[in-house]
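My structure is below; once you've seen it, I'll send some questions.
We call the chains A, B and C, going by the order they appear; numbering starts again at 1 in every chain.
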Amino acid sequence: MSVPVPGMESLEWPHPDLQDDLARLRGRSPLVHCITNAVVTNFTANVLLAVGAAPAMVVSVEEAAEFVRIADALLLNVGTITVPDAEAMLMAAETAVATGTPWVLDPVAAGVLTYRTSVVGKLVGLRPTVIRGNASEILALNGLNGAGRGVDSTVASTDALPAAIELARGTGSVVALSGKVDYVTDGEQVVSVEGGHELMSRVTGMGCTLGALIAAFLPVSATPFRAAAAASAIFGAVGGDAAGRAGGPGSFAVGFLDRLSTIGLQDAFQGA
Amino acid sequence: MSVPVPGMESLEWPHPDLQDDLARLRGRSPLVHCITNAVVTNFTANVLLAVGAAPAMVVSVEEAAEFVRIADALLLNVGTITVPDAEAMLMAAETAVATGTPWVLDPVAAGVLTYRTSVVGKLVGLRPTVIRGNASEILALNGLNGAGRGVDSTVASTDALPAAIELARGTGSVVALSGKVDYVTDGEQVVSVEGGHELMSRVTGMGCTLGALIAAFLPVSATPFRAAAAASAIFGAVGGDAAGRAGGPGSFAVGFLDRLSTIGLQDAFQGA
Amino acid sequence: MSVPVPGMESLEWPHPDLQDDLARLRGRSPLVHCITNAVVTNFTANVLLAVGAAPAMVVSVEEAAEFVRIADALLLNVGTITVPDAEAMLMAAETAVATGTPWVLDPVAAGVLTYRTSVVGKLVGLRPTVIRGNASEILALNGLNGAGRGVDSTVASTDALPAAIELARGTGSVVALSGKVDYVTDGEQVVSVEGGHELMSRVTGMGCTLGALIAAFLPVSATPFRAAAAASAIFGAVGGDAAGRAGGPGSFAVGFLDRLSTIGLQDAFQGA
């Protein structure tokens, strides 16, 4: 392992800092501009509403840049990207850079398909505030970034941690690496978040909605690192709790939204 | 307040006229052609099926006009509008005018974004049968209509009622104004519908689906005014009832579909 | 009836052959490439995840052919087709033919709208592994295929069985005909599947998701005929069971996903 892993902290909900961030999120209800994939638009919007944010899907080339100027944060997810989507995403990202609006890039299947890998390369060049992906995607992005690592879709998140740290150092982005254990790093610090549940991989777009949650925390957390950590910890706690009550993936998704809307508000609920 | 508010009636479910309309809707199962936003297509289709209508999302420029000739009603919702969507919507609306097919315009975020505001202006010029929007949208549309009012997204529906009446008088459309209290007006009569629940604002696209419900009632109600009133009253009653049984926004959306499919069919269920 | 109906077998879950196929599906988790309609993308992905497959919606002209080379099966569904969708579907189908990847065509509303009927005609000419449709769609496709039958959306699946057999013989495709009773035929054999429930027609895209399930079985079943039969039998059993526990269409869809994820895994659950 060529990249030294810095000292790592393990993060667990409940945690006073994260509870503060969540309370601020609910107080401010940040407007999160999403250009995301066709599979998860509805669930993403409902996750953002459940946590207390205000989602808005404004996706056309004609409107994307104009809306970034109004939004508190931006989420770009390339899951079902087309040429017009890519154009809108690049315009939105350039506007976000110009206005200082924090933004999250979710590079779904980067490294697997030529076209999206090229679009993602351009977006990474604009230095997202946060990049969220699974091990394969982070390895692919780090390859794009010059380190030349290949793609392995079966790799565990732990094995991609050095690539995540290197990617964070190379881009200045916070990297949120999702897997059985989630990691968040800014290239200097790393936190790990355990939790979640196997059921979370049986519902489409759970990872995509974590990207949206991170975007919602960016306007209210002290740093992008803390925003990504807060979103990951809450996501894992809600997921673990909802899975424990679910009869399968259908009732899990329903329960996830229910628990997300009350986490931190009920004394009776103390994490996973 | 420059526009005199006419005498207002408060409408509540259950109500014999609305029960008749709902029974006719279920008997006829009107075919509702929807060109709506990407976030709510699935939920909109499920709401229409739950109430007893037959939804069809036919969205391309190649097919939109042809399908209007088959449909019983048309819904246009600009929530995630693109240039091809706008072209399809204008062709559909022009066809609906030519064939006398009743249609609903949902001008999501009109007044906020330049492009859609221009498209909505053209659609309003075609005199929709019903316009459904929140206070900000109705104020914006009334501004387009010449009265020059600004946009205020925090305004209560009650404060936008004069604009709704003015818009109805100027366009000949019935205006359904959504908010904590819903109002329906044809410029002469006004009905108010109380009910609903805070949880309805925590599920994406509830307002959009009210637009779809109004479209479903248009072919079976005596007048567009009554169709909008019937849809609003049933929407509020089902929403209030489902909210009372829900553990959060996830189970609320599920329960909303369940209750909508049985409202009026069970003696045991008598409104919110 | 000009087409003789061959001897027919009735298929019921549980059935040892189908249980084997389902176990193989869960063991292999086939990658199912979907280009489907905008209404059902999310539900389709969740159905595929629930049964144990790996869905991927890759829809652009830039990526569709490249992804077919990675996928284990392909699903094409024309429900909300646009010109770019049609181009991507034709490229994907041509690639699937070249690579021998099994694929399913779901010709939603073929025969009703001119544009999609022409696209579907081209796709049928590429000889899909399986064609899944309701009675009207199968009658329309058989008309395209030269038999000249008209479209009747009120026809029962039983009345379209001769057309299904004829279509299967003319194209070499397995035809899965959906209705109150489902039929699967390769032109020589026919199986019928009873079951299901009226609630299945009150949730949008149930038929579309059956097409996706068939695609998931194609890489693991001995023949396309058996894949379509297995998917139909499991679909009906899960649907019947979930309907029996549901309070309406909302909770039915949730329960459908839950049951689909456990069918065959629990001794306690023995079909509808």
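Observations on the structure shown:
Heads up, the rule we're going with is that a residue touches a chain if its C-beta (ideal position, glycine included) is under 8 Å from a C-beta of that chain, and two chains touch if they have at least 3 such contacts.
Small disclaimer: the values here were computed from a predicted structure and weren't measured.
Taken as a graph of touching chains, this assembly is fully connected, with contact between every pair of chains. A rotation of 120 degrees, rounded to the nearest 5, superposes the Cα atoms of subunit A on subunit B. One simple way to say how far apart two chains are is to compare their mean CA positions; for subunit B and subunit C this gives 34 Å. Each of the following residues of subunit C touches two or more other chains: 38, 42, 253-254.
Considering their complex, residues 38, 41-42, 45-46, 49-50, 55-63, 66-67, 70, 84, 253-262 of subunit C touch subunit A. Here subunit A touches subunit C in the complex through residues 37-40, 42-43, 79-83, 109, 112-116, 201-205, 246-251, 253-254, going by the rule given at the top.
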